[in-house]
Every structure is written in C-alpha cells, then in structure tokens.
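Shared between the two complexes below is chain A, which pairs with chain B and chain C, respectively.
Moving on, here comes the complex of A and B:
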C-alpha cells in the first residue's frame, strides 16, 4: 500500500497552490463583494492555459491526462483561495469528462479543445429543474425530433456558469412513455443558440462570483448531431457523471475547510486574551485537533474515491461517502474557525464569514447529504443477500 | 412550583401583544440598522406608556414593577421580531440610578424613559474582546482637573451609527490594574474627536469601530467613582440577565422555519420531522432556562450561572434551527433574502456577541461545578 502522491500529482498540486496564492487569493474578497466578471473570467482563462480545465481529459483533445487524483488535489488548492473559481473549474472538468466518456469522435474533437484551452470560458451541466432537484429522473424538459433536428422546451435551474458557458450538456425527456429515468437523453447545446435564454444570475449566500442561472429553452432547435451518447440512455450517464462531480465538490469543500482552519490556527498563535495566546487554551487546542483530524479523514476518503475512479473501478459509493463526509466536516470546520475568531469572524474584514457562506452550498449541490446517504445505504443493503 | 404568570402579568402580556399589532412588520430584531427610524418610533410609543421604565423606582418616574413585566415585554417584542431591548433604559439608566450624580439623573433619566435618547455601549476593543479587563482606551484627567481626555479604539459596537450618546468604558488607572483601573463615561456622539466607522457583517448589517482622538469629556460626565467601573458594569449586566436572550426569538425562528418547510412541501419528510422534533425540545429548553433566569432574579438569587447556561442553549438553538432547514431546504434556502439563509447568517453572531459560548462554558464549569482554573 502506498499513499504517497506521484511526482506529476505533486507538480499539479504545487502549480494550483501557487496560482491560488498569487492570482486568486488577492482578488477573492473583491470577487465575492462585487462579482468583478472580467477578473473572474481572466482567471478562468489562465487556469485553462495551465491545463486545469481538462485535467482528466486525454492529451489528444487538449487535456492534461493527469488523472482524477490530480484533479482532486488541484480543486482543493483552488478552493483554499476562491471557492467560486474552484466550482467553475470543477464543473467545466465534469462537462468535458461527459463529452469524453460518451461523445462521438467528432464531438470530442470539436468541443474538448475549446473547453480545455479556455476558448470556452466554462462548460455548463444542465440537469436540475425546479421540480427535479434531488430526483432528476422526474425532469420535465422535453426534446422532440423534428426532421433532422431536435426541439428543446423546458427550464433548467441553478446551472453553474450559465452566463458564460460556451457549451451546455443538457438532459431532456425523449420518450414520454418510458418510466422515470428510462426515456432521458443527453444533448450538447452551445451558448447563444436561438431559443436558449439565460436568466439573470441568482443572488446567492455564497460562491457569489460564480454565476448560477436558469436556462429557458423555448423551441430551441439543435441538430441531430447534438445528441450526446445513445438516445434514451442519458439518465444513466448523468448519474455516473454526478458521482465524478462529487469528488470535485468534496475536494472543493476540503479546500475551504482547510483555508478556514489554517487561518484560525494562525490567529490562535497571534491573539492574546487573559495574558496569554489563545493557542494556550486547551479547549481551543482540542477544537483544532478535532477539526484537522476530520479534514484529514475527508482528504483520505476523497483520495480513495479518486483512486477507484482512476483505476476504472466502481466508485459511486466511495464518491458519495467522500462527498458526504468532506462537505459536512468542512462546514463544521468553517463554523469552528469563525467562532475562534470571535467578533472578527463575523465581520467582512476577515475571510471567515466568506468561507462559512461559501462552504454552505457544498453539502447541498451535486447531491445533498441526504441523497448521498440514500446512495450509500442502498449500495450497502444491496450486498445483503 | 408554578411556572405560570399571574392574572395581572397575563393582562399585561395581552396589552403588549395588542400594542405590537402596529409594529409586527418592523423586522428590527434580526437587523436593526436599516429600520432604526421605525424602531425608534416604537420605543417612543413605549415611552408614552412608560414601558421603558417598567422596573424603575417611582422616584425616577418608573412603574416600580417586578422583573417579570420586563421579561414579558421584551419576550413579546422578540417574538414579534420588532426590536431588541434598548440598552439606554436598561444598562445605562439602571447604572445612573445607582451610581450617577443628581445632575446625570436629571439630565438623562427623563429622556431615556420617554425614548428620546439612546446609547451605544463602548466596551470591547480590538485587543479586548473576551478579556474585557485588558482594554486600553485611555481617559487621562487634564492638568486643570476639569476634563478627561480620551484616546483609543473600540470595536464591534452594535448600533453606534444610530445612537445619540456613547457609554464608554476607559482606563483611568494602570494597565496592570486590569478591571480595577477602569471608569465609565457618558459622551455625546457628536463630540469632537469621535469617529464611528462601519464594520460590515456577514448578515449585511453592521457593527462599528469607534475611535477617540483627544476627546474631551467633562469630569461631570464620569459615572460613579474613578476606577470603579468594573462593579458598575457587573451590576448592570446582572440587572438585565432576564431580558438579554428572550426565548420568544427561538420560538419564532422555529415557527417560521416550520412554515417555510411546509410551503416547500417538505413537512411530511420523516427525517425532517425527526429533526424538527429535536429542535422543538431545544426551543422548550431555551424557554424553561429563560424562565429560570427570571425566577432567580425575582427571588434575588445570583443568576450568573443560570444566565450563562441560558445563553449557551439559546444561542446554539438560534443556529441549529436555520442550519437544519438549510440541510434539507435545498438550493432554494440559500438564495439571498430568503428567511432561512438570513437567519442562518444572523445567528452566527449569537454564540460570539455578549460573551462567547466558550466564556459561558467556563463560567458554568467554574461557578456551577466548582472546577478550578
């Protein structure tokens, strides 16, 4: 058994860490407050140039072919500085992976270089609907065949990067008579396609710099070649890709949690009350020990899930366990760290309140904690004869 | 044992509820700054009924009632989300009655009673949060002996942007004298050398920093003896324990969250129902601990430990309720301005301000359990 990272993985981790420190950290607070879109998109472009938008994409399509572990490491490092940038990067990687996994050669050659190179600022993952959040099989968006084209009608909500994604992977019902989940297909819809309208960004609690939009499809006509994978086989793909996305979101949460605790740890060694450093108070020492232990366990669960995926093994349960644990413990870490800073934790002059807001969504999107528990327990009970 | 209010107290509760009909939509409890003019108007209307002086002795124009009346008033106001109890008619007025000069009593008590003037407490400093006795803002008597000259910085002051006067704790003795070297001052906020600067907070409200740059405060505006402030602020704190964390707030949180979950169609989810049942018991715990603080005060018992336990349970419940809703409410619960996410952000403050949970736990372990240290 060898838990150490490869040279390439360490190199990618270092590169992401350096970029996060030098480029993201200085602007993260400003992005949170003002949503400076130009700076945000500029950083996405630079990340693409560094190879971070297709970390697990084969090199012939412009990807880094660095693997899932490297992807997880990079997202954690980016999230330490700016969760909004990290989530956009994670989702774009996921979109690229869907195309790589089920796209035909023409689709891969057309879209993957654009996503990996930054020609597209981001990719969008169009699954969630207002009445189909935790249960996407109940989606209402329809795609109807019309000659050589498909016509899309329906809405998708809470879509990351809606404003600036160059291409969306969109799921829609193509067989009205099939059971839920059985008649869904997957399509590629380019940003700017007539009939696709992007709603204004949601005003969110956290991860404010990343745009989250509603997509409105009104008789949106796309060519037959936009079908991604097999007709009526889209739901299986969505479920599979969400499992990969969970590694990304768990890694992101880990980064935010570590950033919060690292800040609080430093603060404890500097601030004095009652004539001594806060770090001398055992109650605070134990809080520190507990949170770091939990975050380290989260890291190992994420590495385990990433390893299984990289090996081509079934990794759904491992990804759910890692996402559940990492996001919940990262939430705890952010609240603890904020509490350790006292009044300074609550004011916007310090980053702790941003970490706490940014981390909150992580146990909700990409499958809530409750959905992860459903997946884990279902897999566990399935093995009982 | 009887935990019910008397007929007279219940009649007063009814009167308060009727009064609040006109103020139910102020929404100044969770975030007072943006609606201060409305809150101020409500305090004035309370002043007309003499409700800001419920427990004051009659010689100061008060109603001479027991603590239970204050508890009922501010608990109902908290439940109505209208406002928090003003510090002027509590900490400030009660300290002036006990330690103030005749001139201070004549100048301030009538105006506080009617809701005409309001105070901001200036205690905490950047380096003196939990360790208040370590504060450094200096008040130095001038050579003529007529004025104190204040220099220093205060931090995390609630509502200072809107208040008329500052109630300032400053060092008149040596740093090493800690709590024994502090004095209290009243100062008009408009006095030259005072700067109030906003500290935006996670709930889109604000705290403040208050800077003192050679601020001249007449000796006549010192409250109580020089270097004698520690006992004054301790007694003032003790006077207010029954109304600091009124359980009406968490009861209302719970009800709003239940309404929200039902509106989202989540009310029949068994996991949510189980969590809600747990929260109901937490709210009841906060209610009973709130009453226990009141009972201690009414019987003249030291309520320090009861108040610390109440604060721990009350403020964690404040956080548990919205956190539970966000766990199950999906992304809708995270869109800005929705009640669950607003309360989630606001509640972060509750385990920090007014004595952190960690300080409260040390009070309980030391004073209730006798653990040394």
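Moving on, here comes the complex of A and C:
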C-alpha cells in the first residue's frame, strides 16, 4: 500500500477543502439552527457540479471515477465544515454505487447522471425498519409481483434525505418462505411515486440540516423494471454496500473530530487562565497529543479500507474496523475539545457543541459500533477456525 | 489525602429523608413529568421553581430550614430531582444559601430569587437570563456581584438552558464559601448520579424488549456489561456524595470536602459514560428529541460543564496528595 496521495486525490481533497471553507463553513451554524433548506440544497447542487456526488462512479455515467480514497478524503474535508452536507453527499454516493454495482445498463443510464449532476438533489438508502435496525434481514416491507409491476407495502425509518431524494434504493421481502436474509430484493423507487409518502423530518440531536424521514409504502406500484439486481439477492447487496458506506461515515466522523480538535488547539494558544496560556498546561497538551494520535490512526485505517475496496479486494472487515475506530475516537475528540473550551464549549456561539451533537450519531448509523464488533470478531474467529 | 473511617457512616436515608425524597418525587410526577420536561426544552419555569421551593427543598442546612435537615436531605432532594431531570439552578442555590445574608437567603429559599454561579474572569452566566443574584467563584472564595441588566445578553446553549453573557461588578467576599462548595458539589453529584441511573434504567428496560437477531438486546453481553459498568460507577459516585453529606452533617468539613470533590468528579465521569453508553443502546431513537435519552443526556452535559466545574475539585484533591499549583 502506497500511503502517498496521487495528484488527482490531492486535487480532490483541495477542492473539497476549499468548498468547505468558502461555501459550507459560513452557513453551517445557520443550517444547524434554522435548517435553511434553500441554502442546503444549493450547496448540494454545487457539490454535484464539482463532481462530489459520484466520486467513484464511472465517467460515462457522469461520475468522477476518482476512486474510494478520493471519496474518503472529500467527505472528511466536507465534514470539517458541515456534517449534514457531508452525510448527504456520502449517502448519495453510496446510492449511486449500488446502482453502478448491480443495475442494468438502462438503469445506470437513467439514474446515475441524474444523481451525479445534481438533477436529483440526493439519493436515499431505504433499508432500516422499526423492528429491523441492526438486523435488517428481519425486515417486514413486502414487494409482491402483480403482472408487470411490483407492489410495495411497509415502512422504512431514519432514511437520510427522505424529503428531497430523487430516487430511493429500497429493500423488500420478495420470498416470504425464504430464511431471513435470503428472500430480499432491491428496488429503485423514485420520489413522488404514488403510494410512497414521506414522513416529517425527525427532530434530531445533531446533523439537523440533513433530513431524516420515515418512508411509508402503501400499495406503492412500481414497474418490473425497477427491480435492481437479481430477485431475492438484495440482502447480499445491502451488506456489501453498507461496508462501502462505512468508509464514508468513518471519514465524516474523522472530519468532525479534526475540526473540533483544530478549534480547541487554536483556543488553547489564545486563552489564558492562572496567568498563562492554556496550551502551557501539560494535562491539556497530553490530551491534544492523545486525540491527534488517535485521529491519525483512524485516518490510516480509513485509507487502508478505501485502498482495499479500490483494489477490488474484500474490504468488509477493514471498513468495519475503520468505522468503529474513527467514529468512537471522533466522539472522544469532540468531547475532549468541548471540555477544553469550558463554558464556551457549551454555548452555541462556538462550534464545539455542534460538533459534539453532530458526531454522536456516527457510531450509531451505518451499523452501530456493536455491529462492527460483531463483524470484526466473527471474521477473526472464522480465520482462527 | 486523609482517609475517613466510613464504618461510622450510615449512608441510607432515614424515614424522614426518604419522606422528603418521596414528596419531591410525587411533585415531579404530578407537575414536571417527562413530557413536561421535554416541552419545557430545559427552559426555566419560575412558576415550577417557586412551587418546588414552597416545599422547603432549598432550605436544608440553613437556619430557616428547621426540620428539613442538612446535607443528606440535600442528597435525597437532588437525587429525586435528578431522576426526573427537573430544570433549574439547584446546586448553585444550595451554595447560595450558605453564603448570602439573611434576606437574600430567604429569597433563594422561597424561590423568588434565582442565582447564577460563575467563575471569575468568565462572562458566561448560567441561568443568567433569569438570575437576580450573581455569585462568582474566585479560587476558594465566593464574591457577591452585580450585573447591569442593560448589558445582559442571552446565550444559547447545547442543553437550551437560559444562560447569559455580561460583565459583572464584584462586591463583597462572602463568608461560608467552604460549606457552600461542599453542598454545591454534593447536589451536583447526587443529581448527576440520579439522572444517569434513570438513563441506565430506561436503556435497560428498552434492552429487555427490543429484539434484534431474534434476541432481546439485553441478552447480548456486549450490551449488558457496559450498562452494568455504568450502574456500578454511578452507584459508587452516589455513595461518595452520600458519604460527603454524612461528614458534612457530622461537622467533619475536611472529610466532607474530600468526599464532595471525589463525588463530583466521579459523578461527572460516570454520568458522561452512561450518556454515551445509553445513547448507543437506544441507537437512532435516542438521537431524536422526542426519544427517551436526549433530554437526559444533555442535562448531564450541562451539569458537567457548569461552573465552577471539575477544575476546582481536581485542584483540591491534588493539594491533598501534595501536588498541584493552585491555592
């Protein structure tokens, strides 16, 4: 593995960093506070025009073909300024990658340019259900064949970008008699399809500008051509794509953690207590050293997972390790940074409280830390046996 | 640090103390249940605060509080309020009752005055939008201060409590700071432990009914053991708070100070750990404002961040072992 970045990767990282500083950072606090949807959607459109909505999508479909490492670098830079924008970008990339991985040529030609160009503001990933979170194989949403159509019934919860996604990748049981996880298929459902109702955005702790909704499917009729991949083979696809999504969320968490620590580091060099700069206190110095060491280790784990995926190798365990480590260390970093600012860390005039709220979900969505440990330990024990 | 012989400490609440705790619990259940707390969004309700004060709960360890006991009663009250996440400047009020002159103290006890406790050199004033009494921590001392209303600006916080920003004009150094700090730390620790234990209970109940992979979450050791660790650490901190209260009531102020600092530090760490762990158990549902965790976890975050903060306690404990640089 070559740890140095290619010219193209550096270019994309710089581009994302510049966009984050100039476009996202000035409005991030406002988006968190008031949820200015127009500004939020405007930024998504600009990101699409910069090629960030299809970073790992082939160029003939409008993507950047820049690879997984470039994707990870871009998400980290975006998250330093606005986690809500970063998660929307990450999920949209993931949706595009599902379509690229298992879609037929017609589906790719139809949907990928719309996602990559920003014609669709975002893509939605419809997997989680109220009784099937960490264990999606027990999902209850059903798809029944009716002539040339499929009819969907059921609910999906906590769906990122539910309000404004142009297309959703939705998983549903298509074989009631199959064992859990075996009779599930994957479908493309466009926003606005009759029978699909989008619930109100959840009032969340963090990442508030990114809408999170429930999708209600009530006799939602979609054409047979909406089947994505093979019938009854959807669960395997979901598991595979979630692994890719974990690189995105780990990268996002890394960005938030770094932003928090960078802010706190600067603060320590300016703020005086007991007659000297906070940065002179060894306890605080050591906290900085520990957190930055952990975040650097997280970055390397993410790069390794991204590299393995880019090479076409099995990367599921590496992605789980990277996601687990990056999100938990980023949580630690945000809380440490908040504590370093004392009362100023707690009030909304400073960004630390937003970082602490935004980072909390990262060790929960896209597979909780506990699920990552299940995957990692299962793989380790399989290797031993 | 001198160890205290805890064999003589009875840390259980007696009948009278339990009766006070039960009364506060009943008050919370009828006047400030979970839905009310959520709808208040951690804002200050003067009406609720005065109703609470009318029960005499701010009067322990004061001349006016005859029959309301001392520090153990403060423990009992703080635990009951913490388990219901009742909003208000509770710990600062207990400190205020130890340092303020008679009429100002009476106003605190009856709930007609609201106190803001801040650190010297800091312009952030917890509960400052509603406060009319301003106390400032200066090392081991407490100063009375005044605030120019025209300069007071509202400050939004993570937990949504009504903080403010303003420069203060410092007045007299007040007597009784040592007692005040002890009660402030005891109340903070007891409240934090109770709030944390409430969160652990909610998460444990959820883990018993929520099934994934065909099994209740609580059956997974990876879920159950961290919850057990939280319970243990919170219970240990709660015991420290009660030990501090016992020493205070017996007049052993040195031991009370050591225990109260240990209690506050332990409670802060244990409550933050519980907040993190329980959010993880609740997963997505814990992140929403209507869910069962966020209104408690952000109260925990508020109390941990609230002045005078952990720094003073750490400095005191370091001094006891011959380290540290502060007076």
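The rule is short, and it goes like this: the second predicted complex is superposed on the first by the 384 of 385 C-alpha atoms of A that agree within 3 Å, B and C clash if a C-alpha of one lies under 4 Å from a C-alpha of the other, contacts with A are read in each partner's own complex, and residues count from 1 in each chain.
The rule is short, and it goes like this: a contact is a pair of C-beta atoms (placed from the backbone, for glycine too) under 8 Å apart; a residue touches a chain by one contact, two chains touch by 3 or more.
Here the structure is a predicted model, which means the values were calculated and not measured.
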Clash or fit (per the criteria above) of chain B with chain C on chain A: clash
Which superposed partner A:263 touches (first chain B, second chain C, both, neither): neither
Touched partner set for A:361, first chain B, second chain C, both or neither: both
Partner chain in contact with A:342 - chain B first, chain C second, else both or neither: both
Touched partner set for A:284, first chain B, second chain C, both or neither: first
Partner chain in contact with A:171 - chain B first, chain C second, else both or neither: neither
Contacts of A:40 with chain B and chain C, given as first, second, both or neither: neither
Which superposed partner A:120 touches (first chain B, second chain C, both, neither): neither
Touching partner for A:135 - first (chain B), second (chain C), both, neither: second
On chain A, the residue positions that both chain B and chain C contact, one per complex: 133-134, 157-158, 202-206, 273-274, 335, 338-339, 342-343, 345-349, 353, 356-357, 360-361, 363-365, 368-370
Interfacial residue positions of chain A with respect to chain B in the complex: 133-134, 157-158, 202-206, 272-275, 281, 283-284, 335, 338-339, 342-343, 345-349, 353, 356-357, 360-361, 363-365, 368-370
Sites on chain B touched by chain A in the complex: 124, 127-131, 134, 155-156, 199-202, 207, 271, 326-328, 330-331, 333-337, 341, 344-345, 348-349, 351-353, 356-358, 361-362
Residue numbers on chain C that touch chain A, as the complex places them: 119, 121-122, 124, 126, 155-159, 163, 211-214, 220, 222-223, 272, 276, 279-280, 283-284, 286-290, 294, 298, 301-302, 305, 307, 309, 325-326
Complex interface listing, chain A residues touching chain C: 128, 131-135, 138, 157-158, 202-206, 273-274, 331, 335, 338-339, 342-349, 353, 356-357, 360-361, 363-365, 368-370, 373
